[in-house]
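Two complexes are shown next, each including subunit A; its partner changes from subunit B in the first to subunit C in the second.
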Partner chain A sequence: MIRIFCWTIVGLLLFLPGWIQAQEDFIPEDSVEFRDFLILQKEVTGLGYRFFIPEAQLPDSLHVDSLFQFSQTVSGFESRYFVDFTKAKELENTLINKGVSYRLDYIVLSEVVSTSAAQEYLVDLVRDADYPIKRGELKPTEDFVSLASQTPYSPTKQFKLKFLSDYRLFVVTVMIIFFFLVASIMIVSMLSMKAGKNKRENLQKEYGKRIIAPLTSLLFEKELHEIQEMELEEIHSFFPKNLLARPMYQHVLIDNIIGLNKKMKGDFKEKLKALYKKLGLDKISIKTLHHKKWDRATMALVQINEMDLVEALPEVKKFTNSTNFHVRSMAVATLLNLSEKVDLIFLRDQTYPLSLWQQMNYLRIIRFVGSQKGLKLEILFDSKNQSIRIFGIKLVRILGRVDLIEKLAGIAGGVSEEEKEEILETYAALGAYMETAFINDCLKSSNRALSLAAAKAAAVVGDSGSADILVDLIGAETVFRKKHSYLKSLYGVDKDKFAEVTLNNANPEMLELRNHILDPMLQNV
Partner chain B sequence: MYSFLFYTILEVFGLIFLILSFSVIAIYLILMALSALEMRDFLRKNRFADYGDIVTSPIAPGVSILAPAYNEGQNIVQNVQSLLSLHYGKFEVILINDGSKDDTLQKLIESFKMEKTSYAYHPEIETKAVRGIYRSKNMSYRRLTVIDKENGGKADALNTGINIASLEILACIDVDCILSSESISRMVRPFMEETNKKVIAVGGVIGIANNCDVQDGTVTKYRVPETTLGKFQVIEYLRAFLMGRMAWSRINGLMLISGAFGFFRKDLVREVGGYFPKTVGEDMELIVRMRRFMDEKKIPYKVGFVPDPLCWTEVPETEDVLSRQRNRWMRGTIETLQLHQALRLNPKYGILGMLSYPFWSVFEKSAPILETAGIVYTAILLVIGDFSTVYFVALLLMMYLLSLLVSSFSVLYEQIAFNRYKDKNDLRKLIWIIITEPFVIHPKVVFWGLMGHIDFIKGKGGWGSMIRTGFKKAEDRKNLAEQTTT
Partner chain C sequence: MKKILIIEDDLLISSLVQFRLKKDGYETHLVCDGNEGILAIDALNPDLIITDVMMPFRSGIEIIHHAKQSQPNTPIIVLSSLGEEEQVVLEAFNMGVADFIPKPFNPNELAIRVKRILK
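Coming up: the complex of A and B.
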């Protein structure tokens, strides 16, 4: 409540004085404008004026002028006191016509004052609400055209248009134009994209309908050798020449053939591949490899892979180290799949880090082709790229290549910690009991992650030495989770030592951990 | 002098509003363009993705699903069954009963034949006391772990789950969310595609399930909700997910992953200390903290986003519940931004400090204040006679058109990318909401946001005094039930 009251006071202080003071702003500061302003007021209580001519002699006509009633002073001549400001202009013109120089003196309460003092006097009157300001346009006393002809034109403001002089309105207009421009571009491009997409889809449907019938009849009516021996004219009777020249038709034809190839088996696959080549679609796929859009190039790789276009492999090889993730992934997958003898050198020499996604895809292919092509996985251990080396170790484990344990043991001492962790996991998975020395070395490592990985391996292939190291580690470990891991490993290596360590210990944590490890429902937790 | 000050203030405010209007337009146009590019790339990438492999591949990472539950007894069994039937090879479901006062735990024990284990619970992240950890001897439920703990709020419940999670990726979800069977494999993909930038978290789209048909844990028929508020939230969610988050994801500036469906790298979550339990914006706060940690350690990282429709939830359709939700969101945003003030315009934090944080501060946190200030400013101009009708109408019209454009585009994106709302009547209803929203619902949203600010200032929900007693949905339901009975 107090806060609201305070804010109200602040608001009033801020706004109310503004309302009262705002009247003063109508009193011009410029002397000429001030005089014009007084003309508009006609009379102001207590404020008057007179003319002063600072010369020794006065023209006779002015001497006798009853309007001015000049009287001589020490420094010149001064006129009588005027209160009607509307006459000021007329009086000034008379003096100008007589060719005398003069000065307009303001008089406030019988005292001659400066212009600023006269302004202050008026401000005080207005502030005290003793004088209401008259507002309005000054009426010209002379013909505008004749006045204008005397004064050469010079703009007082840079922008004569109100629109340009109001900067806010100008900025808003610019914003609106910008907004409409960008919005229009976006709407038009979206609509054109949508229209283009609809058009393409309709065309694809139309071509699809035209393609499926001849494709089916070719597959079911012709033998493989008949397709291989077909003449171009005969092919064109199934697939019209004019349509075959159209990129969209080619695209739909490729999609249909690849779609069928995925579903069909045996002889039909061969027929489709023969037809693919007969129709010259293989050349299109190879040409598209160099397309500037990565998705088109990747699609070309998919086509080469699906249709077993072995002749394209030298071209494909160029993309195995492409800057684009998808292009290089698909290029490697294609090479793994299609190469008659895979030496994996292209994979070893990849400079980009291998993601798990790529590893998963390559693993699927390697699993499939590995037995037929006798893959030399050990090549990957020589890669300069750590992720490739790790992938190589993973492959040994997943493919169960016990024959490569010796090779792994050969490199194990000089590789990075991450690779050592991978090797340890592999030893555990493959039951490499002869590598306990390495496991025990890793157990003693100051790198906690490596030590924990070694503990896991020791649980499977550890020996009494491992058990002794684990007991030491358990005693020194303060982090509960790690202590748990070491104890679990000890349980795997030597159940008696596990019992000894957990039962002969005053620390209640040990008993908790013992119960946890021995709980059959928590075997994997 | 007072007059000069008054008019100077008016001029300054006029200029500020002008700059803000211009920034809003420019930023939303940029966001639209960025999201369009991201969506295009995503659809292109998806053409070459085979998710079938992930399910069985030994290389795919394991996922621990963390689902906190508070008074969810009514649907808990179906929800857990739905989670256990997700199509993925290596995953575990950790259900955290956050001190429910109903029969949530009992139902779980009975339905899944759970037994109390001898789990040695020594938390790395401090949590409320755990009463028991349950597992089942039945092999069909081998993936399920139930934690029974004292009530401590959603963040505390999630922290308990984080403490016992055994797999590499954490999937933090709301237990009543409907997940697509493919949700894990799709969300795991960005983690698996990581090369030279560590993927620390991945966010997903939340769809609105109100009025939709659900079969076997998947939405089979989409319909827009029947209420105006429900329809408005469809538009709002499309704008937020398909436009906002897609765009921020493109420049790696995502600062929020929805608490109802977010995937995180476990080791990093543990390293930063898990969720901060004393804020109502725990989801946003965690992401900001993780990003801050990575920036400070100078480790290249990425926060991913998957726009596929994979998770659905029911949204509130009454003003009462929605206003509380928005109030809470606003407080959460303010709290997170206050907590991480060090990020503000700090080049050390890259995009996060120079773009994301200022954007959230001005266009999310301060939006209700600025909009209200704009109305007050206009009223002052009207009173003092300095009001320009042309200027006002032009600005208003432009902002309205921007709103139409942004909303229409988000619906268009949805139609191009996923085309879930196939019924033309549904589209017509959405278009009507787009047209009327700025006048009918937006003022309310601004008001709720403003109330969020006021509640934050009052200390409601601020850290220190704030201890949440449960999840909002359950809390809302309980309050509604109380209101109905009285």
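Coming up: the complex of A and C.
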């Protein structure tokens, strides 16, 4: 149907301009041929002719001729106006026999015009469909050969060439055809895609319904060990072999089992995991890991994680440094969750910086598995990736690993200032009183952010040395907020020194700061 | 035979629950959206309603509200993955539901609770 419609449009586009062109082409360009053509037409509305004799004297026989009815003008004699072209030949012969030289003038709407103007007038009439051309065989006359010799050669395939040579018409036609073609292709492809999508969705629904009954009966009627010991033939009695071979059916099965596993509790989870392996879906998940689309690879990692496919971990390990954020995040999460012995080397060797979201996600898993597995967090301190080292320091603080303070002290001297700030916060959180030397060093740092972090740590684990440094810093500090922070820390380290510094100072700002720090209502303002 | 209406949009979950309850000898009816649930409550006059919270067209809360107006004595068990959302649990209990079972759940545990409520 669409094909017929398209061809009709194309046909019309090709035929209409060609037909008009053909009508115009029928009018000869040569003057002799044009005259013969007019003879064939007999009469043309608004087009006539007359004879003009450019001589001073007119033969007597013509003076009284009632047919021509010559009248004298400035330059010669002109005949009356004729409309019947069939008489033209006869009139011409009369003039030739009398030995008079003459000229045939065309008259369009009472105005003498040239042959080409008369031709154009006729072309316009034809184009506007005001004049129907009479077609007929031009009979060869005795002067046919001489006429032919005067007629310049024109190719017989003029119609076709004219269409092609009129580049504007040709370009517009090509563009319209192209538009229709593209539109048709788009419509057909959209329809076929929609049909394909509907078919897939219907098939998925159908498979989803077919899965419910065998899955339900297996989960309720079989014990876990019975599922684990099931033979392939028995499995196929629940899930037909021919269906299991179909990727769509496998996909629906995986989705349903994973979905159910998330909503089920108790031995049902174990049964689902056993069934997943019995159906060979674990192999599909592992194979999908290498899918070129990142979302499919991530889904495979989710499946491995949900179904506890420990045997897939060596493969999963390969993706911990994937270029794709989601793939490497999920790979690390899967390894943290499933590894028997989490040594965190895979995390240490990550070259990409850890985002806050990733840190939060990994922390959630580490908190859960950390109590069951002995995590060697210190491995993370050896990472070449700064964000991993910072994450390691944060983990020490959040998990309360006091046993790793010594390790932190070992690396503290040679790390970046950002890491030093994290270490200081960790010392304060874990109450590392033996590390005051490091805190005091940081207090003296020219980096204000580090110095402030050290001041906060000193407020908790500082000593008399810290108090002395803080007094010096308060004296030198001009920025109100920083001075406030140092004073607050000094108050935490040594209250006597705080009183000494604030009360023996002439600066009224110092007294305001003191009141602010001592006022319990303003402590958090 | 006691009649139980299960309103749940997840066909697999509702089928599992139905299978388990049928084993205990209950007459079960499944509907998979809120609108159908409200119609089924009026049409079936069930002895117990088990409903999800997040469903197409009408939420479980709307269903509880309707059930409490039309059949105030019918006990309702809410089965939802919104179990961790305190607000939803509180709202359900304030409306007078008999029990709230959060997902993930164990169908056997659900069957025990059903038996206890219908005793």
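Methods note: the second predicted complex is superposed on the first by the 305 of 525 C-alpha atoms of A that agree within 3 Å, B and C clash if a C-alpha of one lies under 4 Å from a C-alpha of the other, contacts with A are read in each partner's own complex, and residues count from 1 in each chain.
As a convention for this text, a contact is a pair of C-beta atoms (placed from the backbone, for glycine too) under 8 Å apart; a residue touches a chain by one contact, two chains touch by 3 or more.
Fair warning: this is a prediction, and the values are worked out from it, not measured in the lab.
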Quick one: classify A:280 as touching subunit B (first), subunit C (second), both or neither.
neither
So, A:259: does it touch subunit B (first), subunit C (second), both, or neither?
second
Give one of first, second, both or neither to describe whether A:179 is in contact with subunit B, with subunit C, with both, or with none.
first
Touch check for A:132: first (subunit B), second (subunit C), both, or neither?
neither
Counting only contacts in the complex, subunit A reaches subunit B at residues 14-15, 17-18, 21-22, 24-25, 166, 168-169, 171-173, 175-176, 178-179, 182-183, 186-187, 190, 193-194, 197, 294-295, 298-299, 302, 325-326, 330, 352-357, 359-361, 363-364, 394, 398, 480-481, 484, 509, 512-513, 515-516, 518-522, 524-525
Give every residue of subunit B touching subunit A within the complex, in rising order.
2-3, 5-7, 9, 14, 18, 21-22, 25, 29, 32-33, 36, 44-45, 47-48, 50, 53-54, 57-61, 115, 117-120, 122, 124, 135-137, 142, 145, 164, 166, 189, 191-196, 380, 384, 388, 390-391, 394-395, 397-398, 401-402, 405, 409, 412, 416
Subunit C residues touching subunit A - in the complex, by the definition given at the top
10-13, 15-16, 19-20, 23, 81, 103-109
Within their complex, subunit A touches subunit C through residues 208-209, 211-213, 215-217, 219-220, 256, 259-260, 262-266, 268-269
